[in-house]
Amino acid sequence: MSAVRTTPRSFRIALVLLVLLAGLPFLGSAYALRIGTFACMYAIMAVSWNVIGGFAGYPSFATAAFFGFGAYCGGILLGKSWTLLAAVSIAGGAAFVAALLFGMVLLRLRGHYFAIGSLAVAEVLRELTNTASNLTGGGMGLNIPLAVKGSDSVLGEATFFFWAMWAMLFLCFISVRLIQTSKLGFGLVCIKQNESAADMIGVNATLYKSLAFAFSGVFVAMAGVLYAAWVHYIEPGDVFDVLFAVKPIVMALLGGLGSPVGALLGAFAFLGIEELVWRNYLQIHSGVLGFLVVVLLLFLPHGLMSLTQSLRSRSGRKAVA
Amino acid sequence: MLGVQVILNGLVLGCLYACIAAGFSLVWGVLNVINLMHGSFIVLGSYLAWGAYQALGLGPWTTLLLAAPLFFGLGYAVQRGILNRVIAAPVLVTLTLTFGLDLMLNNAMLVAFKADYRRLILDPPLGTWSMGELVVPVDRVIAMLFALLLTLVLYAILRRSRVGRAIVAVRLDREAARLMGVDVPVIYATAFGFGAAMAGCAGVLLAMIFPISPISSGPYLGKAFVVCVLGGLGSVPGAVVGGLFLGLIESVGSIVLGPEHAVTLSFSLLIVFLIVRPHGLLGKRGFE
Amino acid sequence: MPGPRSMRELLRLVGVTRRFGGLTAVNDVHLTVGEGEILGLIGPNGAGKTTLVNVITGVHRASAGQVLYEGRDITRLRPYQSARVGIARTFQIVQPFPELTAIENVAAAALFSQAGMSQASARASAAAQLAFVGLGEMADKPAFSLTLAMRKRLELAKALAMKPRLLFLDEVNAGLNSTEVDHAKQLIREVAGRGVTVVLIEHLMKVVLTVCHRVVVLQNGALIADGTPKEVVNDPQVVGAYLGKKYAQLHEPQHGRQSAGAQSGVADTSVGVADTLPAGEKR
Amino acid sequence: MSESSHLLRVNGLEAGYGEITVLWGIDLTLRRGEITALVGSNGAGKSTLMRALSGLITPGAGSIEWEGRALQGRDPKAILAAGIAHVPEGRRLFSAMNVEDNLLMGAYARRDPAAAIKRDMERVYAMFPKLYERRAQAAGTMSGGEQQMCAIGRGLMSAPRLLMIDELSLGLSPLLVEQLVEALQVLNREGLSILVVEQDVVAALELSSTAYVMDMGRIVQSGASADLMGDPAIRRAYLGALADETSL
């Protein structure tokens, strides 16, 4: 049963895209690898955000919190000579449990209040990280030792992290797709459409929302570990950046809300645009990004995908009042 | 004596916070829109004060008279021209839209003024007042008094003027307001204009105390959030209560826990309030 | 009005009270609903009917009193839990999942209300319910595209998919035209014919009087009458609640000896209709 | 056509919410200087009719003619300016505002000099002295009766020629209702036309000179209020048309 109408065809398109992405290392270019790794990371964020924001309809700004949490968890564990796999698993598990518990209270809030609450989590975590300098290095940042043994070339390490991030994206995408077609996903869509009606037909909304929140965090946190290991150095302002909370939303909006495939495409499109802007308008890149966001919301409220689907009657329905 | 000094610092800070938050709270309460540009409006106001002093030799208190109409017009135009098109859209859309606008505004300021801090240094400096061990910089006291005054003016407009009453009426019951012949879109734009004017004026005042940089917009916005949630949404008294509360907490907190914990404290407070008392200290009844 | 009243008790309210601040919306309500009954719950605007249903289904918690369902205390159940024990309801203002198709709407109800239901079997059950309410053709249309009458039936199909034993129908006929109302009445009877106990909250007296076995009247949160439809519409307290005390005093005390002949005519017909109709429904 | 006696004439009005039509072909005429009552059970469409008349909802079909001018499709602001004030169901006061500000909101759309508005406010206070006592109190904290006075006062502040009151007595004590009824009669004698929706049928018919009975979105009976007192149509509209059920 497709609770959200993602056709098997667009799912296959997404899989093809993922496979194509996997071809990047064969270009042998460090730049391509870097872009590819970022593409995977962004896609993980957007596809994950989609679970809470797209399926359940809760405007979460907690992605930065999950990412930073994962990065620091990973950084600290790697610093204590744990293996990368262990660090990833532990950070992911901790993020899942924390999000589940935190979601139980936070998700009682709706609309703006939830948005602010989720945003504040990142702020609190960042400040805590800043002040707990014994553990995290505080504002000075945290150096992270090489996590990959045996790859002596720079390109080799880059390739490794590309594959790691790619695998994480693959895992994330398949998981989210499974959630979408599962009872959980169906329940989340019901909650988004009408929470009290969902309650009335027997959906345990609190549990479902919290699970959605947890799933929207777990892969992002694990990607955070990989990112930390990849770049060897993190600082609080970097990984808890509010932009990490907003970009996934823009990507998901770009691809069309509620579909993991859209989120994937949105992430790639966003990265492409961002890269272009970075290269050509370094000075005003955030302004151009803002401009894109504004144009997107005002003129393409259903995302890029809606451009291709020869304007259906629905597209005008919700647009402006 | 330390206690008195701490409380005094807290009050000064609190009045400024109230002024920062009052307009933000008004927009949120009346339009149900969170204006993420609020922080950048404040910074822009600071630059205006700096520019007016550098170029024209105008003191910040004079610049206030300039800032209020300028920012009102800016806010009115932004609401009418852009925000009003999505006013009925879900939270995610309005929130992301103002975020996009904020990115543009903030980036424009970065390009125009660079990221490095500027200071508005009054010549001659105003010095400090001291009473025994108590020391208070005069510029802070003046800024605090003006902040209080501005907040009071906003309160008076909302309470006493025709348009202010209409703003409050729309907030309380939009349909009943329509029955009274109120043009709701105009009132929305007006409320947004007032919000922007408060931000601009607050920025002018803050320029007297704090260094000016586009980077400050985030922290200012954060304060506005916290104050709104602490005091209760959409009311001037709520903003004052929330502002003073936050100012005192931060002032006391930075002594007890160390200054580096002030921000953590305020955001932790925000989360606790959201969960335990989402309508703030004054409850949801407050309105003006 | 034979059978239903002697039947086994399904729901019992003991002194149920619900206050909002200083306002008592439901005041010390004692009520028993027998299995298989079609009970009408009526009362003027703001009488507390919907609040009472909200208390029973766990949307609001009772300020005092107890709700017993099959002898079990369900006073503190949350709405999703009460959905899972077999209590379903429709809403006064229809609450579909607008962007889901009709069949997805109904399948959701089947899936989440019953343990061990697979998505495939939920969909199969949904198809059956849609056919039952006459929406088989609309299965793949999104709910927002249905007409009001169809959405009302969709709401009913959703409730039925939950396999309820007790079903609250809140204003299922509001906003329908008379053909649609007749159709809805027929559906309600058929639902009851399947052995579902129905509590009908209704403004349209013609529906209440012809469909219900028993009617209770709520005014200002308190029960003021309980009896057959005929007894209830002729109860001076009920007439007072609906048309004003003065009207009741003016028209009621003499009953049949009214100056206007129409008055007694109404009373006479009501005897005939109320007695024959529900009884004529053979189960 | 007797221009002079007809204040408002509604013809074939259809209105509702979105795709849901609530009112079907409403014909209704209000005469200048009269009190007209609308009676009928819950959900009969009385409030919807008032909302259509005050422009809160836009009619789907039909005409509303006010002193020869077409009013259908105009917004509440224009209709208020034309001289129709609407005291909505549930009073809808601005609860956190004080009484005086509520009254001032009633005069919001007027462009008259402050003195004229002040004078009208004094009149309201003279009519409802209780409101003067409470003028600085938040409207939401007053009793139901005081709130209804305030709502009527707020309606009067727009200096209307037709005052529409939805649910005059809902939740009020009989004594208070008496008081309100007297106030309305005084206003009426001074020339104000009134359209009132009232649950208490006898009160409504005693107050009004003409009445309309609504059921399921239609006018099912109308006439002089005194004649309607014993009309079975009224009882049928409230408590069910048992006679009509034999067709089943």
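Letters A, B, C and D mark the chains as written, and numbering starts fresh at 1 in each.
The rule is simple: a contact is a pair of C-beta atoms (placed from the backbone, for glycine too) under 8 Å apart; a residue touches a chain by one contact, two chains touch by 3 or more.
Bear in mind that the values here come from a model prediction, so they are computed numbers and not experimental data.
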item: Path length in the contact graph (subunit B to subunit C, fewest steps); value: 2
item: Relative to subunit B, chain with the most remote C-alpha centre; value: C
item: Top chain pair, ranked by how many C-beta pairs fall in contact; value: A-B
item: Centre distance in Å when subunit B and subunit D are each reduced to the mean of their C-alpha atoms; value: 43
item: Centre distance in Å when subunit A and subunit D are each reduced to the mean of their C-alpha atoms; value: 55
item: Chain centre separation (subunit A, subunit C; CA means) in Å; value: 46
item: CA centroid of subunit C to CA centroid of subunit D, Å; value: 32
item: Chain contact graph, described as a line, ring, star, complete graph or other shape; value: ring
item: Pairs of chains satisfying the touch condition; value: A-B, A-C, B-D, C-D
item: Touching residues (chain side subunit A, partner subunit C) in the complex; value: 1, 3, 183, 186-187, 189-190, 193-194, 196-205
item: Contact footprint of subunit A on subunit B as seen in their complex; value: 28, 32, 34, 82, 85-93, 95-97, 99-108, 110-111, 218, 222, 225, 229, 260-261, 263-264, 267-268, 270-271, 274-275, 278
item: Subunit B partner contacts - residues on subunit A that touch it in the complex; value: 53, 57, 59, 105-106, 108-109, 111-113, 115-117, 119-121, 123-124, 127-128, 130-131, 242, 246, 249-250, 253, 283-294, 297-298, 301, 318, 320-321
item: For the subunit C and subunit A complex, residues of the former touching the latter; value: 57, 59, 78-80, 83-84, 88-89, 91, 95-100, 104, 107-109, 111-114, 119-120, 122-123, 158, 162
item: Residue ranges of subunit C touching subunit D (in the complex, touch as defined); value: 44-46, 147-148, 171, 174-175, 178, 203-206, 208-210, 233, 238-239, 242-247, 250-251, 259-260, 262-263, 265-266, 269-270, 272-274, 277
